[in-house]
Amino acid sequence: MKIAVCVKQVPEGNSRIDPGTKRLDRSGEGALNQFDANAVEEALKLKAATGEGEVVLVSMGPAKAQDALRKALAMGADRAVLVSDEGAAGADLVATSYTLAKALERESADLILFGQQAGDSDGAVLWAAVADRLRLPVVSQAAEVTHADGKVTVKRQTEFGYDVIEAPLPAVVAVSDAINEPRYPSLKGIMGAKSKPQETLSLADLGVEADRAGEQGSRTEVYALNEPPARGDSRKIEDDGNAAQAVVDFLAEKRLL
Amino acid sequence: MTTLVFLEHHGNELSKAGLGVLAKAVALGDSNVSASIIGSGVRSLAEEAGKFGAAKVYVADDAQLEAPLSQPRVDVLAQLVREKDIDTILFANSVLAADVAAGLAARLDAGVNWDLTDLVEQDGKLVGKRPALQDSVYVDVGWTTEPRIALFRSGSFDPSATGGSAEVEDTPVQLEDFSTAARMVDQAHEESEGPSIEDAQVIVAGGRGLGGPENFTLVEELAKALGGAVGATRAVVDAGWYPYSTQVGQTGKTVAPKLYIACGISGAIQHKVGMQSSGVIIAINKDPNAPIFEFSDLGVVGDVHSVVPKLTELVRQRKSA
Amino acid sequence: MKPSDFPPPFDARDYVAAPSDPEDERIEVGVLIVGAGPAGLACAIRLGQLLEDAPQLRERLGEVPVAVIDKGKQPGSHLLSGAVVNPRALRRLFKGRKRIDEMPFYGPVHRESVYFLTQGGAFPIPTPPTMKNEGNYVASLSQLGRWLAEQAEEAGAMILPETAAEKLLVGDGRVRGIRTGDKGRGRDGQPLGNFEPGADIVGRVTVLAEGTQGHLTGAALERFGLGGDSPQVWALGVKEVWKVARPLDRVIHTMGWPLRPEAKYREFGGSFIYPMGDDMVTLGMVVGLDYRDVELSVHDVLQELKTHKLVRGLLEGGERVQWGAKTIPEGGFLALPKRLHAPGLLICGDGAGLVNVPALKGIHYAIESGSLAAEAAFASLQRGQTPGTPGALSGYDEALKESFIWKDLYEVRNMRPAFGRGFFVGGALAGLATATKGRFPPRDLHLERDADAELFRTDRAQSYPAPDGKLTFDKLSSVFASGNKTRDDQPNHIVVQREVPKELADLWVRMCPAQVYEAGDGDGNVTVEVTPSNCVQCGAITAKGGRLTPPEGGSGPEYTLT
């Protein structure tokens, strides 16, 4: 079974938005998006359960994104593909999903995994868009995934409890962070990661037209950054026996009760 | 502007969050706001949509749409948008809605902005407002083409009963093969212990100020009365008073419910970063200098052991009235 | 009562062992360097340079000729210093390859001032000759470390962060390598779902560049009998990095307030305030850990310092962006081990105690000692000798003794011990020592162990400012500002006795800048609660009655600007 895992590098530590470009400042050290680590872990588990197969990482980003890929390779993934092209910068969901779909088409994986959300607040819900472009079934919020007989059975977490959904392969599954505890890469794994195959592709390599990628291919834009709206006046009262009533009145005033 | 609002339902009720978005659409000035209701045996819900502001309701009623799966809904909406020349599609966020909105964006090559808390007309453009970086900054976002898709933070707007009635139209249902490949084997049963901390709209959390693990019952009772979940600070989880799955904070969960009540919690930054985006924050602590009072909307300087039970009782009374 | 009356249940021998992994599972490298600080990285860089011209040796060293392991999340995460760096050792290391202006410095020192502070005033005093900084550069050691790591990688070294060195592997009387710490254990040491056991890393030469309170360095000194006659002593430094509204035009050092000059308190130290470019400033408080007052909290003394009008003015309109703490070895020449090599082993940098306290310099000694260690290791390997043979690495000690490191440290050897007599007497003694370039005093002064300082309690804590969240801060939010996000269920890596007299418990509570310790109430003995996930691994506890051991690799602070 071939499993493709879509991973993303995010800046280490505290993120900030670059006031010039109004996009996330990616100049800091990169780390593997913590939620993608869950996806990589799940892929490794599924591969182990099947007894054979390949786990390939697919990512889009600047050349530095190699560092995040290396960590996932150290965990045990077999190979990495990085789409790195200046023309892909500034891509929104529409452009990113288009480019990523092309890269994934190339792999023809049986199962495509995503992590729950990107910690840097770009690219959440990418999986549904990618699945649509690939014309594959998609199941998200997976808290448990099992594979047998050419299909996956997913325990999916919703606001109302757990659904159980079956999808035939090939399929796209987005895992939640409740699904597993990602393994620590072993030292041997870390040292061996460097020699695992890592491919870098340009947009041209994928056949992605310039006007469908990056800023050109995006359908949304950022206008301005603002201070968050003030929280409003903060009230502080002392309990003289009536505080509870004051709280209830406050809740009613805020239409929370 | 021709707006379509995606309305979700659970059981026999339209979700409040969706109705709130409907109210927003109407407030934006579109007098012809339409809503879409998709499922099986859902026609009766169309009337309610009309009462809450929809001028027209497109009903897609089909057995294949019974399970709350996203891809068939993308098919229905895509067709609707193309046929009816819709330029703006609005969603209230939910696990289902997020997948539908993103799938639709790909299907139509339409820009989607999510996690919005507001939508306004500015200089002739439609501008979405969204928080970023743990709510430390707000970003103005927009669309460069139509149709435009917007996904709002759940609960951003309140429904507004206009008492109107809507024209109901049946939407033809034509589903792609790949959209019906996934099937629901077992649909979620209502959680018996109340919402999980991640999804809860109300969280009541306890900290060291409670005094001891036995006092967590105060927190549990209040949470139950409010229909919310129980949260805990790192200190009490470390001390073994409550499980790690309820820990809110830097090394626990990050939550943003509409209401967060902090009982006996000092408000150290490690905790604050896990809940500072909550809609309304109420703190009860006997230390008037506790840092939590600096970022709570209402602070009560008092003893949790006397304030919380009283509060629970009053809430119960109010709810049963 | 003194802290050494309650020694921690720690035995260095537990951290020395023979390799235990089966031979084919051991990770083999050529030269293993423990610590990606300036000493370790300089060693890696110098080795890379030497191996460039020795391809046969390079091949003999295997797939990974040079490996550097570090317990921090990435190089720089656990590096903290002032710092004003003497570029001498960097010039030598990068001769013909990189210029100073290509290194991440915040500019040369143009002006400097030294003030003696009182509560209300600041009296400029002439800069003591040992402290003159002309020709030196302001740096963030964390940033410099990251840059050095890049250079080391370019020079061919493999850097392995998030890897703690837990045990020294010794066999046949020589150092074989180290064993890394386990990952994925729970609070009680039990293996969790993602448990990953440590591994043996073996190499021909092991270089310990662990920095202050080096864990394996301590074990090695004991195991090979390398310790000198004098114990090592330490100071604790707590610092902050601020974004400021107006640039600071000079490097500032202060003495005096808020520290007390009387001999009985033994509050030796002072503060530093350095500009980092035009829009940032770093400031810190350094106090010797031989102090005696239970209520002394270096973190809070730093907060107090900021309320002085001189400092407050500098920070007005600014914002704190980072905080951190670390100990500094202060024993100098007198506390150096009698040898810094053993079969298969070399020791460099702060771990060896190569710090010039009166000049406040250690980074360039670390770098130079790393370079010298590389040269000694290379020479020994080149000769075909096994560096494990006794004496094979003696070239290192010889080179050190010929270097400027030795000369500098010898000259100032009695200055720190002089300050055991209090600021004024100490100042006078130190002044005489400086004037005579170390010939005075005629007999070397004596260093006492920090943990042997008799404790007493004063009302000192009353002067600590209540944190306002803008100028002054509490410890917990400071831990947050160090980038520390260690998981809460890690095993406890701090070894202390848990039932101790209240006085000792309170000492630890105040001493620790990260609020790791909490003391119960009571008259006799109380229970000490430990929150290990707050720990920023400064090492203060090791000086004052406990022992810091390395926690899980990757945990602790994530410094970037310190």
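Order of writing sets the labels: A, B and C. Residues in every chain begin at 1.
Keep this in mind: a residue touches a chain if its C-beta (ideal position, glycine included) is under 8 Å from a C-beta of that chain, and two chains touch if they have at least 3 such contacts.
Computed from a predicted structure; not experimentally measured.
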Geometric centre: closest chain by C-alpha means: A
Winner on C-beta contact pairs when A-C is weighed against B-C: A-C
Interchain centroid distance [CA atoms averaged], chain A/chain B, Å: 21
Euclidean distance of C-alpha centroids - chain A vs chain C, Å: 38
Chain centre separation in whole Å, for chain C relative to chain B (CA means): 49
Touching two or more other chains - residues of chain B: 294
Residues on chain C engaged by chain A in the complex (per definition of touch): 27, 64, 73-74, 146, 158, 160, 163, 180, 183-184, 192-194, 196, 199, 201, 483, 558, 560
For the chain A and chain B complex, residues of the former touching the latter: 15-17, 22, 92-94, 97-98, 121, 124-133, 135-141, 153, 156-168, 171, 218-229, 231-232, 234-239, 243-248, 250-252, 254-257
Complex interface listing, chain A residues touching chain C: 12-14, 28-29, 180-188, 190-191, 194
List of chain B residues in touch with chain C within their complex: 234, 237-238, 244, 247, 250-252, 268-270, 273, 289, 291, 294
Partner chain B, residues of chain C touching it in the complex: 466, 469, 476-477, 479-480, 485-489, 531, 533
